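In what follows, subunit A forms one complex with subunit B and a second complex with subunit C.
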Partner chain A sequence: MNTGKLRVFSAVVLCAIFVLGLFAGTVSPYPYAKQFRECPNAAPSSAHWLGTDSLGRDLFARLIYGTRVSLLLAPAAALLATMLAGILGGFAGLVGGWCEKVILAATDLSMALPLLFVLLALRALLPLDISPVLSVMATFTLLGLLGWPSSLRVVWAAAKNLRNSDFLLLARATGSRRSRIIVRHLFPNLRPVLFAQFWVSIPVFVLTEATLSMLGLGVIEPLPSWGNLLRGLEDISAVSANPWRLSPLVLLVLVVICFQLILPAQEETA
Partner chain B sequence: MLRPLKNLALTALLALALPVRAQTGGELHFCLHGEPKTFNPILVDDEASENVRYLTGGVLIRLNRQTQALEPALATSWNISRDRRTITFHLRKGIHFSDGTSFGSEDVAYTMRLLMDPATHSTTGDSFRSGEGTVQVQTPAPDVAAITFPAPVAGLERLFDQAVILSAHSPKKEMAVLGPFYVADYKAGSYVLLQKNPHYWKRDAQGRALPYIDSVRLDIQRNRDIELLRFRRGELQLINRLEAEQFERLEHENPAVTRNAGTGLDAEEFWFSQSPAAPLPAYKKAWFGMKEFRKAISMAINRADLCRIVYSGYAKPAYGPVSPSNHFWFNAALEDPKYDPQGALRLLMQAGFRFENDTLKDRAGNRVEFTVVTNSGNAAREKIATMIQQDLSQVGIKVNVVTLDFPSLIEKITRTFDYDACILGLVNTDLDPNGQMNVWLSSGENHQWNPSQKSPATAWEAEIDKLMREQATAPTEKERKAKFDRVQQIVSEQQPFIYLINKDVLVAVAPSVVGAVPVVLDPWAFWNVDTLRLGPAPDLGVQK
Partner chain C sequence: MLAAVGLLGGLLSASLVRFSPGYGVDEQELDFRLSQASVEAIRNSHRIHSGLLSYYGHYLAGAIHGDFGSSQWLQRPISSLIKERFPVTAKSALLGVSLAWLVALLISFAGVFFRGFYFDVSTTLISAVLIALPAAVVAIFSVYLRAPVFVAIAVVIFPKLFRYLRNLLNHAYSQPYILAARARGISQSRILFSHVLPLASPALFALLGVSLAVAFGAAIPIEALCDSPGVGQLAWQAALNRDMPLIMNLTLLVTLITVAANMLANIAQERAL
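For the complex of A and B:
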């Protein structure tokens, strides 16, 4: 299969998974929280296509509801982080001077902070009586708000290169206003970098949410996410006895690979 | 029923095989689950140090972990005065510490002085404090020591099971011991090596010196999975406590090495915040303060499912603050915790709640919804919370589950009281109810549902306060038991703690260890370490 076909295939797979997540309520045979306590850790069967988890909940239902949570909210968080990185990084790269120094210092400081502990502290500050849906929104918002520094460095480097470019010098020399320079010259040239950062951030946020959920900090029970589904893999010997528990991992790996295959296409088209 | 019988048969088989296969000598090898903070027995307050203390320390009176009865150890006999303030010990003669220093009443006096010295900050010493004043120790003879406390101490003789006797004269100070082993080597973060004490006083029925084993190597290993892996490889001979999942897996591989000692003393419990300082809406405070509400919640929780699903069947529904394994103090008259969602709903209706469209509402029309917090990273508690969530949805109650890191959780339940309900475990190592004083007295910091009260908030808490104080000074065990039975009865009626389950004590013992009889009391698998022997190590039948 050549590269182009592979990209199309990846896009189709991603779309199919997105659609599955969007229509989870229709596709799923059971509610994701329903516990079939008479059959915990059941093997796949016609009643439970991917078997059940340790509490007897249908794994297929939880997987597709988890897909909705992880794959809809991770891009939203990635968009937020990329926007923040684009605005701050573009501004620092274009303007330079003390403004650039302040923004970069703030970025370095943010990168030096252990994200996990920051999230831990912020989660502890949230009220306890928020619903699982609000909790998951809050988690991804925090990821978006705290996940911009590494993207900012890339955007800033690209913007700084553009600042010294001949065409921007020419634009400034012909009396173009700063807003016109940003909209007509800077942004179109930063677009491939921003797209790349956006696509790279999605799997990063999916994996971060998975890590947070494994620590009990992300999506709270009974709402499923890929993260808390991956917690079922902690007991490796139980997994070898019940290999169908690997299904969330398989889906996560598939999505990350698909994103990585699509990514070069974005860079080239831009 | 089948598993205990199988274990019994296995134990009998091993006991019969003892004269043929077992031998003296050899090294017993198992793990500590943390770094011992101290080898000074009077300063012990962590599990690893406690294990070393048990293996090395000599005490005047020893609690037999199997029979739960007190037995003479360094003291051949003792008597307690009528006012329960003075205990007089008659000591064994001709006993020596591990370094050869002789043992006598001066050592008892020295130990008690150290234990009771406020500057020592000994938690073991704290349990002896009964009132204002000093503890007097008299040594009328080298083999007689009389200790007088400023006020009566309930269950006094039991406390001496923790009081390890130090030498008043040995240059080695606390490293000179009277127990079966002494600390021979220690490498921080790696291991503690204990060698057989050549002067240990105890002998077997044939008059042979104990312990049979030459040395005990305690590897410091926090990771339970690695510990299990090493046991399966035959590198360890004992695992002192296993999680249900690990136990089930090991039993599936090799049932000969797994031992279920029975229902343990530890409980998992659920409680509602009833502190007036809690920043909760008034209607929630009213629900949580209502006895009928708490009882209905208790009735709506399917404890049998918790035991079966969360603990793979290696747990029992909890009755109350005392596990049935605590033979003397358990109140057998308490009712079984029945699962009855319909009964729970009826109780709620009688209390003024309404069940409409699968939703429970109070008189004012507020939907009954609350948040349960527990510590993150504890898979069993998270599963319990999720199962309770489904159980209570059947009576129209919406439960949100929030897991918090431990420091945040402790902050909420002890300082801000900003939570609705909590699930946590109660680790219970003391059979005597005096060990639970801080939980049951309304002024106690661990009176979790409403801690540190200036005066009891309710009549039933006032009655518990009175009963707990009375049992602490009652002259006979029978009277103490009657009073603590009443405490258990009140707790069962009021449900300030909704007890969920008591976990089984699960251990693993390699077939090469002969004479191991795991029990429900700490230290579960090696409480009789001085009579353990090592036989040939058969292949465990697992991959090396």
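For the complex of A and C:
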């Protein structure tokens, strides 16, 4: 299979998983928190396709709803991070001078901070017993607010190249307004870079959320996410009794690999 | 640079600790055996440094003398906790980074010397799967397999390192001067040590600094889930117990180590150029 076909295949797989998560309410046979107390740790059957967890909740339902949480909110966090990087990086690259120095120094400082340590520190500021929905919002907002520095450097470099371009000089010379220059000339040229950064950030945020949730500091139960579903792997006897418990991990790995396979196409356009 | 990061990071840490919920409230105040005067004395001791700048000044003065305050959760000096836990993480991180570099270099060189479709596809596939595994999952698998903590850290670092190294070497070996050297019959080892490595060394040094930062980041989930008593596990427990002074000091410590490692890598990079 050549690279082009592999990219199309990855895009199709990603779309299918995304649609599955989006219509979780329709696809899933049960609500994600419904307990079947008579059959905890059940093996796969026609009633429970992937079996049940230790609390008797249907694993397939939790996987589908978890996909929705992870695959809808990771792009939202990536969008926030890319927007911050785009605004600050674009501003620094185009304006230059002391603004550029201040923004780049702040970026260097932020990049020096270890992401996971800072995430733990900020998460520790919030109470541990917040509602599950609030925990989802807090986790992904923190990811979005802290994930911009590496993207900023790339956007800044692209914007700096544009600053000295002839077409911008011409636009300025013909008296174009600043807003028109930004909307008509700058944004279309920065769009491929921004899109590539957005695309790169998604799998990073999916993986970070998984690690945070596995440590009990991300998405809180009973709301499922790929991260807190992976906590089920800690129980080795349950995993060996029902290997289908590995399905969240398989799905996560598949999605991250698909993102990696699609990315080169975006880089080429950038 | 290191001093600037230390001062700014310290201010950031001090701000977060000072404005964290529950600052200045001491559970000792609830001890019914204490007299009113003792409770008032505890409250006063917190009131003295209630302003941010005053708190920061107090923190800096203490830090210069090696006093980073006390952990609210463990009721022990943070400096003694760091002294106890840091060597464990440093050892795991250094061993993990060394192992990851060794394996990544070996496989990258093998890929360059024995170019083959199946070797390329299998190494790409393995690194793609490893890169897609969250560090916490690697930690769980290492518990299953009873592997030491440094091996788990190496597994987290390896795929990122391998991809970069392979691209770097492939790029270096595709240069016309390498072809010319081969055409002249120069041996593979001489090409590697005299033509490829000197040119690639600045990028390799930069990568060394980055891999150390990744190792410390990966130490949190791996030490937490593998029950290794290092700084990563301490940071996780501090977050669960909302011990802000402890977690902020640990963040600052790891930041300073990362910056110092990157600075050393930059110096080595400049020498190599």
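Convention: the second predicted complex is superposed on the first by the 228 of 270 C-alpha atoms of A that agree within 3 Å, B and C clash if a C-alpha of one lies under 4 Å from a C-alpha of the other, contacts with A are read in each partner's own complex, and residues count from 1 in each chain.
Basically, contacts are C-beta pairs under 8 Å (C-beta built on N, C-alpha and C of every residue); 3 or more make two chains touch, one makes a residue touch a chain.
Just so it is clear, the model here is predicted, and its values are computed rather than measured.
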Open item on the list: Touch test for A:S131: subunit B only (first), subunit C only (second), both, or neither?
Closed with: first
TODO: Check whether A:L120 is in contact with subunit B, with subunit C, with both or with neither, and answer first, second, both or neither.
DONE: both
- [ ] Considering only touches as defined above, state whether A:P40 meets subunit B (first), subunit C (second), both or neither.
- [x] first
- [ ] Check whether A:S54 is in contact with subunit B, with subunit C, with both or with neither, and answer first, second, both or neither.
- [x] first
Open item on the list: I'd like to know which partner A:G90 touches here: subunit B for first, subunit C for second, both or neither.
Closed with: neither
Open item on the list: With both complexes overlaid on chain A, does A:Q260 touch subunit B (first), subunit C (second), both or neither?
Closed with: second
Task: Superposition-derived comparison: subunit B or subunit C, residues of subunit A touched - done: C
Task: Touching partner for A:P224 - first (subunit B), second (subunit C), both, neither - done: neither
Open item on the list: Is A:T211 touching anything from subunit B or subunit C once the two structures are fitted on A? First, second, both or neither.
Closed with: second
TODO: State which residues of subunit A lie in both footprints, the one left by subunit B and the one left by subunit C.
DONE: 120, 123-124, 128, 215-217, 234
Task: subunit B partner contacts - residues on subunit A that touch it in the complex - done: 33-35, 37, 40, 54-56, 120, 123-124, 128-132, 135, 215-217, 220-222, 231, 234-235, 237-238
Task: Touch list for subunit C against partner subunit A, complex - done: 5, 8-9, 16, 20-21, 128-129, 131-137, 140, 144, 213, 216-217, 220-221, 224-225, 235-236, 238-240, 242-244, 247-248, 250-251, 254-255, 258-259, 262
Open item on the list: Under the stated contact criterion, what part of subunit A meets subunit C in this complex?
Closed with: 109, 112-118, 120-125, 127-128, 203, 207-208, 210-211, 214-217, 227, 230, 233-234, 236, 249, 252-253, 256-257, 260
Open item on the list: Give the list of subunit B residues in touch with subunit A in this complex.
Closed with: 245, 249, 305, 308-309, 369-371, 373, 376-377, 379, 382-383, 385-387, 389-390, 400-405, 408, 411-412, 418-420
